[in-house]
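Here come two complexes built around subunit A, the first alongside subunit B, the second alongside subunit C.
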Partner chain A sequence: MSNRRKTILKVIILGDSGVGKTSLMQQFINGKFSQQYKATIGADFLPKDMTIDDKQVTMQIWDTAGQERFQSLGVAFYRGSDCCVLVFDVTNTKSFENLQSWRDEFLIQANIKDPDNFPFVVIGNKIDVEENKRMVSAKKAQALCASLGNLPYFETSAKEAVNVEQAFDVVARCALQQEESLEYSDDYTDAVNIHVDGDNSTCGC
Partner chain B sequence: MSNVKALGNGTPNLGIDTLVDSGSTEPFTLISNDISIPPTDSSSSTLGYTNGKRGRRNPITRKESYASLKKSRTSLELIRNKIGESMATRSDDKIHLKRINRTTKNSILHSGRDRYGFKKANNHISEGEYDNWWVSYSQYLIKRKKKWEKMMAKNGLPTANNVAPTRFPPRSESLRKFVRKGIPAEWRGNAWFYFARGSEKLRENKDVYDRLVDQTMDIINENTEAIEKDLHRTFPENIHFKNIRIQQANGEVIEEESPLLQTLRRVLKCFSLYRPSIGYCQSLNFIAGLLLIYMDEERAFWMLVIISERYLPGIHDFNLEGVNVHQGVLLLCLRQYLPDVWGMIVDKNDVRYQEGTNAFLYDLPALSFCTTSWFMSIFIGVLPTETTLRVWDCLFYEDSKTIFQIALTIFKMMEPELHRIADRDTNEDEEFLSSELFQVIQNFPKKLLDVNRMMEECFRFSNFSKLTQDEVVKCKQYVIESRSRYHNLIKKRSAIGLKESDRKELIKSSETLENKKIGLKALNWNGKLNHRMRRLRHKLR
Partner chain C sequence: MVHIVSPRSFPPGKGQLLYVKSKVYVHVTSSKKDNVPGYLVIVKPFPDSPKTDLVVAFIPESDVSQDDVNALDYFDLYGLDGEENNFYGNSNGSTSSATDRGNHNGGGGRSNYPKVARFIERPRMSSMSSFAFGLAISNIFSIQVRPKTTTLWEGSVVLHPKDVLEKVPALFFHDDESAGTKREQKLKSQRFDPFAENSKGGLYWGGDRFVSCMRNYCVLEESTLEKGMYLVNPSKDDTINFIPNVLDESEVGNGPESVGNAVNEFLNGAKWRVLTGLASVTSFAKKQLNGMTQNGSIPAPIRNLLNQPQVRVVGDDFDSANVYLAKWALAVQEEAEKSRKQIVGNDYYRELMESELGNETTVALTPQEVSRARRLKPVSKVEWESQFDSSGRLQITMREVLDRVFHGGLEPEARREAWLFLLKVYPFDTSSEERQQLLASLYESYVEYKNSWKGDLERQDKDAYWKDQKVRIDKDVRRTDREIDIYKGGDPMDVETTGNEDPDDDAGLKNPHLMVLRDILFSYNELNHNLGYVQGMSDLVSPLYYVLRDEPLTFWAFARFMEVMERNFVRDLSGMKEQMLTLTELVQFMMPSLYQHLEQCDSGNLFFFFRMLLVWFKRELSFEDTLKLWEILWTNYYSSQFVLFFSLAILEKHSKIIMNTLNRFDDILKYMNDLSGTLEIDDLLVRAELLFMKFKQVVEMIDRRNAGIGFSAVQGDVDSSLQRIPISKQLRLLLSTEPVIQRENPREVGDPIG
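After this line comes the complex of A and B, so read on.
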């Protein structure tokens, strides 16, 4: 391990139960997919070392339980996050409709000082399903992301490893920018625009 | 590993020697997944769910529902017999033992699964590690089974022909020792039920379960939807929870939902109706699932009720306040019993941990996230299967203090690893260190295959067995009171109309206020206890 001070980026994955949060994290970190993930209780934690533009960072990814009541445990845990990933399942309309409440809940519990500029990344997962099972269109999702403040939006398949790497690359960049903005300015001076477009991003903004 | 040494003495009877001689042979049959389901003429769909992977709904008639319910219960019986057979230690039956050895030599060593149908290997334990442990542990099991049989006979409860006893001797120091050393797997269901006073519950609630099954048969609501999502995510790696592939006469292979999953669905649905204050809470699926491997569905249901009201009160409630309370108790226990560990896992600069304040009780540290499932799933998925089962043995015999004793033991055993990280002389910042500590806390328990070592650490080498139920109850009460006092304080103040930005400042000041005015410090449960003990000792002198 180098003696250089490593940057830690704390990333929280939120979203309804069964949308594929664990699968996304596992795909990103271990490059694997399994039908055999158990329901997550509380939270699971995995670290990942990355290099972003020559900068060494460690992403601390927290995978959470999706059932609503688990939010009561969130208070201390959301604090100090650098980026929040909101996941929904494109075959499940309700999981999409709940995105906003996940976001609001996070902002309140994490006690974010500047909610308008906190980086969220939205992921619509399970795009590997047959077209007729898809309930949330890309257009609809993009519209929501635009209305929530031009949030980057990705459509992924954790199962077939589609777009996962790209999505988390943007997550890492957003988180790094957030972390640096906090480090260099205790108070928010001019808001850092976290609008980052990944190459394969279907971001509507 | 003193248990292994002890085994080396080799009691010269009942075929064990031949087992030892033949090296890795052990008398455990393998569970196969070729359970034949009695064919029924009605559709193969079950309880309104087609054979689809995700349980898509097909409207089916009530009559069909009953037919499939009956069928699923029968198949479950078959599975349970099969599991029972594979768990049986058969120390009492020399001939049978020999036959098994001939037919299924080294069965578990040569299989990818343990005797409960779980995969032996996972991300934290390799098959080789499992086998190494199993070679000696299986011998230990045979020895324990014989001791249990002797002990039962001495208490006038002879066991015969591999029939699991339904009654056990009265509580005693000696029986407690037996339980701590492990209940024979094939007796476990009965023993848990007996020690948790399940029959009492069953007697008081005759026919209630059947009525609930009836009432929930066609029900669809938030709870049942959440249950559907979790059924296939309960024990996906366990063979009994997998869909069953059936080859039909025309050669077509269809998948049928495993009877165990169907039963799990019923138990969870009934529970959500029976306990509306809990409904369905994730993690209940694991508890109910593990229970179902050991007992029929009605008894599993009542055990779930007993667990949620007696052993883990409040843990699965809608606001999960019980989890927070238990986390608070664990933190107090850590501070009291393992001050070194406590010193490593808390940030000394954090105002929450400063002398005199117990602010961490209502502002729980992020560390608590790693231990959530220790309470919510009673160590399922946290500890290896056999280790979890041994903890459950103690839990049902000894009460909820077991959970804290085991939690402390886990922390004690991981202390060297925590030290390795905490003592490292680096210029890495605190945040980085704590992320490594987190990982240890998360991953270390998953490797605790050597359950005998863990139990010895808990009950012999450490003083955790001195943690009494009374102490735990008092401590819980203390945490509940501090938390509600704090919440009231916050409520009162925010009612006056303060901005969110001032809240943090207020929380800080309320902590000191609380300490000075209400005198939390004097209430400190263990401080008071220590003081009393000191006085007592002084008197005795």
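After this line comes the complex of A and C, so read on.
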């Protein structure tokens, strides 16, 4: 088992339409922001190679459509995810209120075996706006994250590249941890089987 | 009393004649001077030859020695009973069934061998220098008989050898030159006999006796699938399968002297020898056609003819050679499969398709196919307008218009008017005056409509759904096609905001065109309140407005477009799922090995096509190409779901790379996503058209095959290893040009909007 392939970390970004999911992903992967992103349809997917504590990983970031209607596609997208990023717009109260339902929906669709320990990261985006337009305070957001099981919380500006890197670094670590924890659980059996063709001895050693 | 004449010994090197017909021709080219006359014979090669070893042979006159000419001509004239009798043992001239059916089992004491023994040199089985050929009965799979008709002056017979790679030319019976035929004709007219063979009403011709004579030596079973196709000593499997259609009915109807018919005759005469030789068992390819025409093994006249442009593009005259070849290749594959006796569902598809479409589908096209699926130059405004008479009525058929648009698309200047027809805002059968009236009423109703929702302030305040939708539309319009000139920036009149607009600026939209889009989408949200606005619709309306540049017209055009697209947006996504599933089936059906690979890579659901199908490739193509693809799709020329064939074309074009280099789900997904902006629409449209043609052919072929199985089932003679190949409802629906309409269900009770 020494020649294991590079670890792939699958990350899903969820949140209401227009909160900046695509912008966050683009900022993180390409370091760019554009005014001209289109509404995401279905799902987009971008990979990024990273090093976490000397470990080479490939992050697979899945950007999804915000409209609820397209969530029933989730099954195809969510399966095998290692971390889920929940995004809201700090100028949009409703997008904040919807966070919990995004989380619940994800747990159901992705068929997560151990929901209590699945890693979520919450991001409040668009902190670049004027203070008077901000509708969701940091305090309020932190309180919600605490109540949902001490989820890590970041405030970002995809437009001005504030805190995006830091947020995704935590996302990557959470995902890696999740991925490694799965190695010892039943969920990983299938993946292991791929590598034991022609080698029917025990795979534990 | 019949005397059995059974010579104990043959003259050395000779065989006994059992049947002769003189003046049988191979039509080598379309020119009569190239016709090769000869004798069609059935010969018993050795004294102890069993019936299955009897030889059916064509002997060109030029190959026959003088001794043999005498024997052949005598037998041709008088038949097996000699001069004193009529023909072939039918001495009483009344009931012919005994000899017609033949005592295949040899149970009775009766022999069908002639009383008069005539011998000729044993015919050659093949010849490099002439068209002579011979086939043992055991090597003949079937006989195709096309009798003389009032329009087809020369009846013909084609022998299909069991070895599918071995081909022999069709044989034409020139009755008015054949002494034997003329004599028999005369005898028949002297002795009217309603019970004689061929009492079915057809014209008497030289080939009649051939079939009945063959029946003396083998079992001939006529295919129910194809008239005139006789299986020779069919096995059980043969009976079940029968053999597929290899002939085109269009041959029969043409006048003998027309130019088209000359080509037909050429194809008739030479196809088993040459055209079919163009195709290998594995695929029929352009390069093969080229290769074969340069191949020295083909007789020079045929080679020359094949190279003539009019033959190469024989096209519609003959239901086109490409269709013929395609059918033939399918038939070959089918026969090959049949001989393996294990045709089971997917394996059959798989191997059939592998040979037919293969992985190298790019080269598996004949020039004819390519030429049919050609792209034309776009329709100009002048050309478009020239199709209408002075009253503004269309002068050509709607089908012709759609054909033209399908194959060429429209020039930008022609779009505005043409799109209104394609989107059915204008009916095709209207005059310009009628359209003016229609236009006026459309304007009026839109304005009225828009004012009604704009004025309903109460609902705008209280209705949560309405508010949500308003926000959603607003948000999406701001991020729709902002790179396109008219949608760039804010209000062009407003110097302050130009080029510096923040799409998230709540100060409201300043670009007047985007404001129109928003109003149209609000209006549609009202018009179809069950469905409402759904993400993706802004992508659909933007090109319409870009071309029409008129709010009320765009609204109605969009509403029409949405009638077809509604299935993409229904709440439970069932319409999308259905299309994805159909596409999946289509890939399984047309490119089974690719599908298998995708499945192994966990990509069998093809969901990377979701976005492409949802908004008809708007996100993958340039704006200009999107306009073109859409107007082509709106024609519903081949199929109302041609977008699925366009999708299939993308897979087909990239199948090699996908199969050879991409082995993981995410690799495939990334590859497909990265195709955005690289799709060559004209190339893909040609591929899509060819794929559609092939799809249609395969469906037809399988239908025929299934019908054969059905027939055998009725006969209680079904081999359990044979299964009907089902063609799903979804796949069959792809052949329909009628749009698939799916409406959203009414929104739930308690919903504020009535």
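In this text, the second predicted complex is superposed on the first by the 181 of 205 C-alpha atoms of A that agree within 3 Å, B and C clash if a C-alpha of one lies under 4 Å from a C-alpha of the other, contacts with A are read in each partner's own complex, and residues count from 1 in each chain.
Just so we're on the same page, a contact is a pair of C-beta atoms (placed from the backbone, for glycine too) under 8 Å apart; a residue touches a chain by one contact, two chains touch by 3 or more.
All values reported here derive from a predicted model rather than from experimental measurement.
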Subunit B and subunit C placed together on subunit A: clash or fit? clash
Counting residues of subunit A touched by each of subunit B and subunit C, the higher count belongs to B
- Touched partner set for A:R69, first subunit B, second subunit C, both or neither: both
Taking the superposition as given, does A:K126 touch the first partner, subunit B, the second, subunit C, both, or neither? second
Report task. Identify the partner contact of A:S17: answer first if only subunit B is touched, second if only subunit C is, both if each is, neither if none is. Result -> both
- Query: Taking the superposition as given, does A:G42 touch the first partner, subunit B, the second, subunit C, both, or neither?
  - Reply: both
- So, does A:K6 touch the first partner subunit B, the second partner subunit C, both, or neither? first
*Please indicate which partner A:N111 is in contact with in the superposed arrangement: first for subunit B, second for subunit C, both, or neither.*
first
Going by the contact rule set out at the top, does A:T51 touch subunit B (first), subunit C (second), both, or neither? neither
Only subunit B stretch among 21-29, 93-101, 129-137 or 237-245 with CA clashes against subunit C is 237-245
After superposition on chain A, the subunit A residues reached by both subunit B and subunit C are 8, 17-18, 35-39, 41-45, 47, 60, 65-67, 69-70, 72-73, 76
Contacts from subunit C onto subunit A in the complex sit at residues 472, 475-476, 479-483, 501-504, 506, 534-536, 538-539, 569, 571-573, 605, 607, 610-611, 614-615, 619, 666, 669-670, 673
In their shared complex, subunit B is touched by residues of subunit A numbered 1, 3, 5-6, 8, 17-18, 35-39, 41-45, 47, 58, 60, 62, 65-67, 69-70, 72-73, 75-77, 79, 111
So, in the complex, the side of subunit A touching subunit C is made of residues 8, 17-18, 35-39, 41-45, 47, 60, 65-67, 69-70, 72-73, 76, 126, 129, 133
The residues of subunit B that touch subunit A in their complex are 226, 229-230, 233-237, 281-283, 285-286, 318-321, 323-324, 363-366, 368-373, 376-377, 381, 426-429, 431-432, 435, 438-439, 442, 504
